[in-house]
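What follows is chain A paired twice: with chain B in the first complex and chain C in the second.
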Partner chain A sequence: MIYAILRRLGQMLFVMFGISVLVFLIFFATPGADPAARIAGRNASPEVLEAVRHSFGFDRPLPVQYVLMMKKIFITGDLTSFVNRGWKVVPAVLDAIPVTLSLVTGAAILWVVLSIFIGLVAAAWRDTWIDRGLMALGLLGISMPVYWLGEVMNLLSQSRYHDTWLFSWVPPLGYKALSEDPKGWFLTLVIPWVTLAILYIGIYGRVLRAALIEAMQEDYIRTARAKGLSESRILLRHALRTSLIAFVTLFGLDFGALVGGSALLTEVVFGLQGIGKLTYDALQSLDLPMIMATVMYASMFVVIANAIVDMVYILLDPRVKTA
Partner chain B sequence: MSDTTLSTAPVPARKGRGPWARAARRLWQNRSAMVALGIFLLIVAACLAAPLYARWAGVDPFQSTLDAVLKIDGVDVPVMEQSTEGLGLGYTPLGPTWNLKHYFLGADNQGRDVLARMLYGGLNSLWISAAATVLTLILGTAMGLAAGFFGGLTDTVLSRILDVLWAFPIYLLAISLSIVTLSEGLKIGPFVIESGSLWLPVIIIGIVYIPYVARPIRGQVLALRQSEFVLAAINLGVPGGRILWRDILPNVATTLIVFVPLMMALNMLTESALSFLSIGVQPPDASWGTIIQDGQALLYTRPWVALAPGLAIAVSVMALNVFGDGLRDALDPRSKIRLGRD
Partner chain C sequence: MILSVRDLTVTFRTEEGPVRAIDGVSFDVAEGEILGVVGESGSGKTVSLLAVMGLITDPNAIIGGSIRYRGTELVGLPARALRKLRGAEIAMIFQDPMTALTPVYTIGWQIAEQIRAHQKISARAAMDRAEELLAEVNFPNPREALSRYPHQLSGGMRQRAVIAMALSCNPALLVADEPTTALDVTVQAGILDLVRRLRDRHGSAVVFITHDMGVVSELADRVMVMYAGRIVEKGARSELFGDPLHPYTRALMGSIPPLTGERPRRLPAIPGSPPSLLRLPQGCSFAPRCPVRFEACEARPALPAGARAAACFRVEEFQS
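What follows is the complex of A and B.
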């Protein structure tokens, strides 16, 4: 048991280490991508280039640069931006977390509730037009580019139908802090929540339906039927429980990735200054310290989410305990 | 399917159907999958006809025409009209005419025909997603086969690499790679890919989805490695490469085929996202993603510039997904292959 936990921890640390090395190599060692040339500008003279290289420490060996950067992120926390010199990177990331967390949590509640509902309805009325219609809608949700859906939402709620009763409550784009303006916070986030959730409702509804239908063929369902339990009780108490395993795995990974910055496109379209937008801006200006910090933060979330998923597994599925 | 009609008896040889023929038949009978395939092929054909359309309509989708004047029903209409809102500064491009002869979907902010650009752009979107799919399948299969079959150190190293790639949020990785290669291109030894080349998004998208293919393939190979016919081949002294090629690869082939449409759908969305962030396809080339990006500034005045390419993406991706589901049901009804999205 202890050994297994240690092993898992080791694996987590390795994945985080691997990601940090990968990001570092992408930005510092990709052939043709010289960070000094980026900072100095297009037509910089060799002397200027050399000076930039020296002042940013790019002339040191790569492993030394890597270790220094990691030290500044995790130990001293005083890594500063290359672009806005003096702008501390770690606080900037911490400031952006509430925005992303608000966006992703709201969307997650929406998509979990709705997709469980859709999955149950589709599985209960399997192979009827209700099932087919719901699954087709789900597929449509999966197939739309999320940023485009966001633009359509903006078009409808900010411009075309903004003056009608339907969308007159929608405030202009932007983010309002929950602690300062709870009502504004809620209202500005409703449209982004819906937009982000639509994609995931499609995925999760389909996954849950498939898992439910598979579970309904198991022996323990037959046993439950033989005991004379009602069909709805079987579906809700017996089939749903095991079906949620696949659901929870997926949810952990998606939630981790989204909080870690994968909601980037949604944040860009709705002008929310979250982690994704921060990463995107940093990538645009090739602000390496900021990129390193946001990506390390993202990988941390993904890895932690993975670990939590493993634990929830044990709670949901008694079979895992003995394995 | 050999016809062993050695006897002269006039027994009508009842053709045994191979698994492929049975799968093809199942697919053919799946109405929604065939409709989806038809729609997708129609889109492909329309995009292939882009040069023909441009010549027929007499438009150059890559040339900005700010002062062109159009004759519609005998009335002169400028392609870029002086804005009537606000201070009257700036220009608003022509809206949709809904006339296939000229500016069906209107003009973009450089006075270019949006429909013609969409057809050309679609060609790029389709090509990139198809090429990236091939690349992912080749690399992912190679990694999955090697890791699953050789085991040991090879497996450990490859699996750890896959773990890292898997945990890396797809879009962040793709965006990072795109930005680094955007201005200078990619130079690896003798291979040079110019910046702005369509190969850059192909390679980037091809790489980021490797774990999606490699992991399930590795799992299947691990199971096949223990199967009796493979053990027999190993004990007979058949060389490893030959076993991989003759015994293992044919057994993962159905999985690979099922991956094709599903990966293409995923790649198309990824390509469009990168292009939308202006780090995918570079001007003067277009793709559906770049046109949505062009249309963003015109969203409230000329929404069709952004709406139309998005619809094209949604319809293509949906068609690919439906067809992919049908293909999976036909080839391997029990399989649980499912492509997740990050």
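What follows is the complex of A and C.
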């Protein structure tokens, strides 16, 4: 068990190393482009260009450049954005992480709990109006684009109905740190959580329902019935456990991607300065050091999320252990 | 009689119209006896016993007739009452041990789960009982096997675990649906031996479904042969094997390789294939494949009452 986890961690480091090399090569070794000019930004003076060239080691071989870059991101943490006039990249990323993590984790808890509930109810009352109603709602949730839904939520809670009893508790847009103002943190995030979660509740509810219905056709479900177990026990203990495998796979991918910046639209709509927003702004201004740092960070989260999923697999399905 | 089935019909609604998978099947099982049910795939042997267990969950299935277990009518019995019998008094062993156990729980957990579904005992006591059961079905190391997952066991061992589970509440009736079909021949013999020994020890009645005439001739006290959803012949084992009456039974016997003497170059096979249940012949459903059919077979032969009977118009001619 411990060996399997250590091996998984080793693989994780290897994958992250591969990603960092790839990202580095794309940005810094693309033929015909001068990375120094791109880092320095438009209309940079020759002195700045020279400083950039020296600081990033562009006058030295590629492997040295790579090591310098990694040192700037991970060890000294002094990677500097020239486009934004000396803005330190690493602290900016570190500031954005709690915002995105708060947003995505809260939404994830919501969507996991609700979609498991919906999937179970729909599968238990399969082909009845309850099932059809829930699946139609799910489809509706999937069909609503998050930027539209977010704007509608804002319109309702921030302006149109803000002064009614329904939404008077909603604070203005923006992020409040959990450590400083827990109540404010919670209240500002409730609507973003719901908005982000709705799409995933729809998807996961449908996926789980399909997996449950498939599992209910298995031979071991017939055995469970022959044992004289109740239908609810069969569904919860025998079908759900095996159905969660597909669910967890999907969750690892989605959670990693969202934490890595895919929550951009939600962040923009609700004025949250998270990783997605940071990456988006960096891309707008071609801020290479910032892009490099956020891409590294995002890949790290995707890889970590997948490693966690693999470990959950071991807990869910004993067959994985020996494989 | 522990089990009395009368005029059992199972009809499935399909897009091409109703399909009668079981058509008027009646049989009895006495306490402590082993009844062999033989037939090709699709003959209805499994469906009829699933109906007895109340395990036909297809919403398009319509079950008719009467199934009495020790006097209690099972057809139309509320799910809760049926659940109390299932697993406790009537247990079932399935064909494929590879898929019959939930892959994510240990053997011990799954056996203890069944015990605790029917008896108010502690988890600890249920585990001890599971260990005894595994020892009873000849697990070499029962204590260790408790914490094994199904995928860590061989097919034969899994089937033993399934049997141990089925026996956990000392059922009065055990339904075994081709429990040896998916296993190696050497393992088969062990399982058959186990079923027979358990019957002797616990006095449970056993309904043994198989398509293997060899297995039936070894194990069963009484045999019933099914074809296209009906019983075509029934009788005590010695009668049925010594003097098969129905041409279908005779054809099945013909396809067993002889143990002594010269082996035929090719085993005789029954020509044709079983009829589609959607388009059953008007008369005797075996007639299209029957070597001795004549005009009368345009009508449907009934199965006469009595312990020894065959549904064929030419029975008298064959009786020796």
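The definition used in the following text is that the second predicted complex is superposed on the first by the 247 of 323 C-alpha atoms of A that agree within 3 Å, B and C clash if a C-alpha of one lies under 4 Å from a C-alpha of the other, contacts with A are read in each partner's own complex, and residues count from 1 in each chain.
Note that contacts are C-beta pairs under 8 Å (C-beta built on N, C-alpha and C of every residue); 3 or more make two chains touch, one makes a residue touch a chain.
Predicted, not measured: the structure shown is a model, and the values here were computed from it.
Novice: Once the two complexes are aligned on chain A, which partner has more residues of chain A within touching range, chain B or chain C?
Specialist: After superposing on chain A, more of chain A is contacted by B.
Novice: For A:Leu208, using the defined touch cut-off, is the partner it touches chain B, chain C, both, or neither? Pick first, second, both or neither.
Specialist: In the superposition, A:Leu208 touches no partner, neither chain B nor chain C.
Novice: Output check: A:Leu229 vs chain B and chain C. Expected answer is one of first, second, both, neither. What do you get?
Specialist: The answer is second: A:Leu229 touches chain C but not chain B.
Novice: Which of the two partners, first being chain B and second being chain C, lies in contact with A:Glu151: first, second, both, or neither?
Specialist: first
Novice: Go through the superposed model and pick first if A:Arg241 touches only chain B, second if only chain C, both, or neither.
Specialist: A:Arg241: touches chain C, not chain B.
Novice: Once the structures are superposed on A, label A:Val104 by its partner contacts, choosing first (chain B), second (chain C), both or neither.
Specialist: neither
Novice: Check the residue A:Met69 against both partner chains and state whether it touches chain B (first), chain C (second), both, or neither.
Specialist: Neither partner.
Novice: Answer with first, second, both or neither: which of chain B and chain C does A:Ile118 touch in the superposed model?
Specialist: Neither partner.
Novice: Following superposition on chain A, which residues of chain A contact chain B and also contact chain C?
Specialist: Dual-contact residues (chain A): none.
Novice: Okay, in this complex, where on chain A does chain C touch?
Specialist: 218-220, 222-231, 233, 237-238, 241-242, 316-319, 322
Novice: Using the touch definition up top, name the residues of chain A that touch chain B in the complex.
Specialist: Interface residues on chain A, with respect to chain B: 11, 14-15, 18-19, 22-23, 26-27, 30-34, 38, 139-140, 142-145, 147-149, 151-152, 154-155, 158-160, 199, 203, 207, 210, 250, 253-254, 257, 260-262, 264-265, 268, 279-280, 283-284, 286, 291, 295, 298-299, 302-303, 306.
Novice: What does chain C use to touch chain A in their complex?
Specialist: Per the stated touch rule, the residues are 53, 55, 57, 79, 83-88, 91-92, 94, 96, 99-105, 113-114, 117-118, 149, 151-152, 162, 165-166.
Novice: Tell me, which parts of chain B touch chain A in their complex?
Specialist: 160-161, 163-164, 167-172, 175-177, 179-181, 183-188, 265, 269, 272-273, 276-277, 289, 292, 296, 299-300, 303, 306-307, 310, 313-315, 317-318, 321-322, 338, 340-342
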